[in-house]
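Take a look at the structures below.
One chain, subunit A, links the two complexes that follow: it is found with subunit B in the first and with subunit C in the second.
Moving on to the complex of A and B:
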């Protein structure tokens, strides 16, 4: 049974006004437990709109969202449960921080779940550890942190709810390469340690290639493709047609393959290095 | 819900009303609002309604948008009408109840009140629908500039108004965004008693304040960088009165004269 599925979902913005627009439609997707799904697509293709349906922030115009076997709009209780089962971290989440200390801010979600003090404390410590926030920062005001630290504190606030599905909407937007790698590394190890399902919205096909197991491609308000990284990235022609660029290394590898070199394929620099080295018989 | 606010909303168009000088439009709107309270009988009231409808037609603003501006005051109109019907005495008594009487005076007053409020709101919204907020504040600045003699910082006040209007849509978007983010962390905004609901607003108001302050500081810096506050600020678009503005003025004068004549000719409808 898939942990998360959408059946015939569509959403309209500004319904009933002249500016009414179809943000997504005809969405049918099943996501299995434990996957790390990268969601890519050009600007305005409906990625953010789609993920906001999974925890019931947006209500679909038609169709169903099923989390862990229950339709999240079947009852008020089901909707509220979906909020905790599916943790959604918005684009630029640092602007949601509000408490006096980072510790209190991270504990906001668990508190809303009605957990005991000890449980909350345990979860906050664990979440801070996952995102790599040092203990000394927990007693600071969230407004005194650096941009990257704020981002991590905000993500910790969602992780502390220990959702079965974690959704991150462009968690690396606006960070420097090192901050980006840290966040990606954190997402990867979080999934490995907890076994939860993760959905990662991203503009960078390199980032997705680095950590995802599956890829979902959005185009013009619809799901264009869904499959493993290898399946999707090998269709570079189609990807280019809808305005997405496969990573530079994969382009090089394609050219090498065309010129008759039996080298396989690679989508990240690390993987490429491995392949090239193995060509010469050496190992990394 | 919060997106229904229409104050300061501009409807893009190119009607005569859109092209009128903003200063003239403000003066005429004020004149109309004053004249609303002159109407003493159904003839002058009718003239006022006709004038309002004609204005809406000329502006080419869709009827739907005009109705939207009335929607928020519908409750006030109904409520004051009911109060008037039940509490005003005089004239012929229609219903003689135990505690309340319904009289012709009550019904007439209610009718007058309701029509006046609706016309007032429609005409004022015509002003904002056909004038961009920037033009509006420019015009207010010009109209108030005589106050500079009394050392009142008119330009600064006008700039503050422009900025406030400019940031209303931004703030509304921001509230939506923050609310969603906190809902995703399980914030419960819809249940609970009064105190609990107020408390539930803290996670929304604090980030809103923080980002508003940040935005204000950035804006102030940006304005400083462009030398705002230097002496002798001039306008890119100079306002000039044209023939159509004087024509509009003439029409308004004729309208007010018409109301006075009708009042005088037919007398007041309310019986003392």
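Moving on to the complex of A and C:
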């Protein structure tokens, strides 16, 4: 059974006004437990609208969102549960930090779940550990942290609710390469340690290639493709047509293939080097 | 004229001061003994991880900050000279990271006119400059629009138009594309390159995107308030290990060539783009 499904979901913007338009429609997707799904698509393709349906922030015009076997709009209780089962971290989540201390900020979610003090403390400590925030920072004001640290503190606040599905909307936007790599590494190890499902909305085809197991491509308010990294990235022509670009290494491999080299595909630098070296070794 | 220096840093140091817990002034040196000449017409990219002093350098370039010691000179004028500050700001314009923080008016063309209006430029001249600046960044058709309805890339181009409407000779941009999607980044980069190549405007671009830096005439890499690498993109990016140690990226083509070389594959170390990389790999395989 998939952990997350959308069945015939559509959402309208400015419903009932002359400017009514389809934000997303005809969304049918099953996401299996434990996957790390990269969601790509150009701005306005419906990525953020889609993920905001998964934890009930937005209510679909038609169709169903099913989390862990339950239609999240079937009862009030189901909707509330979906908000805890699916943790959504918005773009630039550091703007949402508001508490006096990092500790209080991270504990806000678990507190709202009605957990005991002891359980809250356990979760805060664990979440801080997952995102790599040292204990010494927990008593500081969130506003004294660096940009990357703030971002990780905000993500910890979502992780502390221990959702079955963690959704991150562009978690690396605006960070420097080091900050970006730390977040990607953190997401990868979080999934490995907890077995949670993770959805990662991203503009970076490179980042998605590095850590995702599946890729979902949004285009013109619909799901254009869904498959493994290999399946999706090999369709570079179609990706380009919808305004997406494959990583530079993939382009290098395309040129090599056009020149008659039988080399397969690679979407990360590591994989590319491996492939070329294996070829070089064989032809000596 | 070609080698005329428009921005000059001469042994500049700068520290932000804050009141520490014991009420003493605490100062953290951000820029330390920094020297740099930016020739007129150059497209300079500045790289470095967060906290390395890049943004401080940018703010020192038009007198938003003034050095504690040493001297910053803009077109022959010292930024420490209060009387010259208006002229300095007319010479060097700034564009910041967040497109939403630098739009002041409710209509695109009013926003672009804001700068020249403050300089007391006559109305007919303002009209000309606004149209011209909006044409230059490809936003003329949007002149009557409301800025908040524009995309991030369009807003940043309006901000750039606002700077060039002041007839600045130099534009300093502090991560202007960091909050944009790939399409918006491309639009802004096209506008920047056009300003530099066709209008001869000096561009200082602070960025984390290596694909932007490779298009510059010169790349300066900063760490702990000092310059650690300086040269043409090709010369700078071949220092793969050093750049990685500084927490920076290199283009994937450069990194691939670097990895192959390390494993004994015969390939040059100064590869920048995919075409170069692919043909070098093909050559090496044929030789074998």
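Basically, the second predicted complex is superposed on the first by the 280 of 284 C-alpha atoms of A that agree within 3 Å, B and C clash if a C-alpha of one lies under 4 Å from a C-alpha of the other, contacts with A are read in each partner's own complex, and residues count from 1 in each chain.
Everything that follows uses one rule, which is that contacts are C-beta pairs under 8 Å (C-beta built on N, C-alpha and C of every residue); 3 or more make two chains touch, one makes a residue touch a chain.
A quick note: this is a predicted structure, and the numbers were derived from the prediction, not measured.
Put subunit B and subunit C onto subunit A via the superposition and say whether they clash or fit.
In the arrangement built by aligning on subunit A, the partners subunit C and subunit B fit side by side.
What is the contact status of A:20 with respect to subunit B (first) and subunit C (second): first, second, both, or neither?
A:20: touches no partner chain.
Angle at subunit A, subunit B to subunit C, CA centres, as a multiple of 10°?
Roughly 70 degrees separate the directions to subunit B and subunit C.
Once the structures are superposed on A, label A:279 by its partner contacts, choosing first (subunit B), second (subunit C), both or neither.
second
Examine A:74 and indicate which partner it touches, taking first as subunit B and second as subunit C; both and neither are also allowed.
Touch status of A:74: no partner.
Could you figure out whether subunit B or subunit C reaches more residues of subunit A?
It is C that touches the greater number of subunit A residues.
Using only C-alpha atoms, work out how near subunit B sits to subunit C after the chain A superposition, in angstrom.
6
Per the contact definition, I'd like the list of subunit B residues that touch subunit A in the complex.
My answer: residues 177-178, 180-188, 202-204, 206-207, 210-211.
Report the residues of subunit A in contact with subunit C in the complex, numbered from low to high.
On the subunit A side, the touching residues are 42-43, 146-148, 173-179, 203, 206, 243-245, 247-249, 251-252, 255-256, 259, 261, 269-270, 272-273, 276-277, 279-280, 283-284.
Once bound in the complex, which stretches of subunit A touch subunit B?
52, 55, 57, 80, 83-84, 87-90, 93, 95-99, 108-109, 112-113, 143, 157-158, 161
Of all residues in subunit C, which touch subunit A in the complex?
Residue positions touching the partner: 49-51, 97, 151-152, 175, 178-179, 181-184, 208, 211, 247-249, 251-253, 255-256, 259-260, 263, 265, 273-275, 277-279, 281-282, 284-285, 288.
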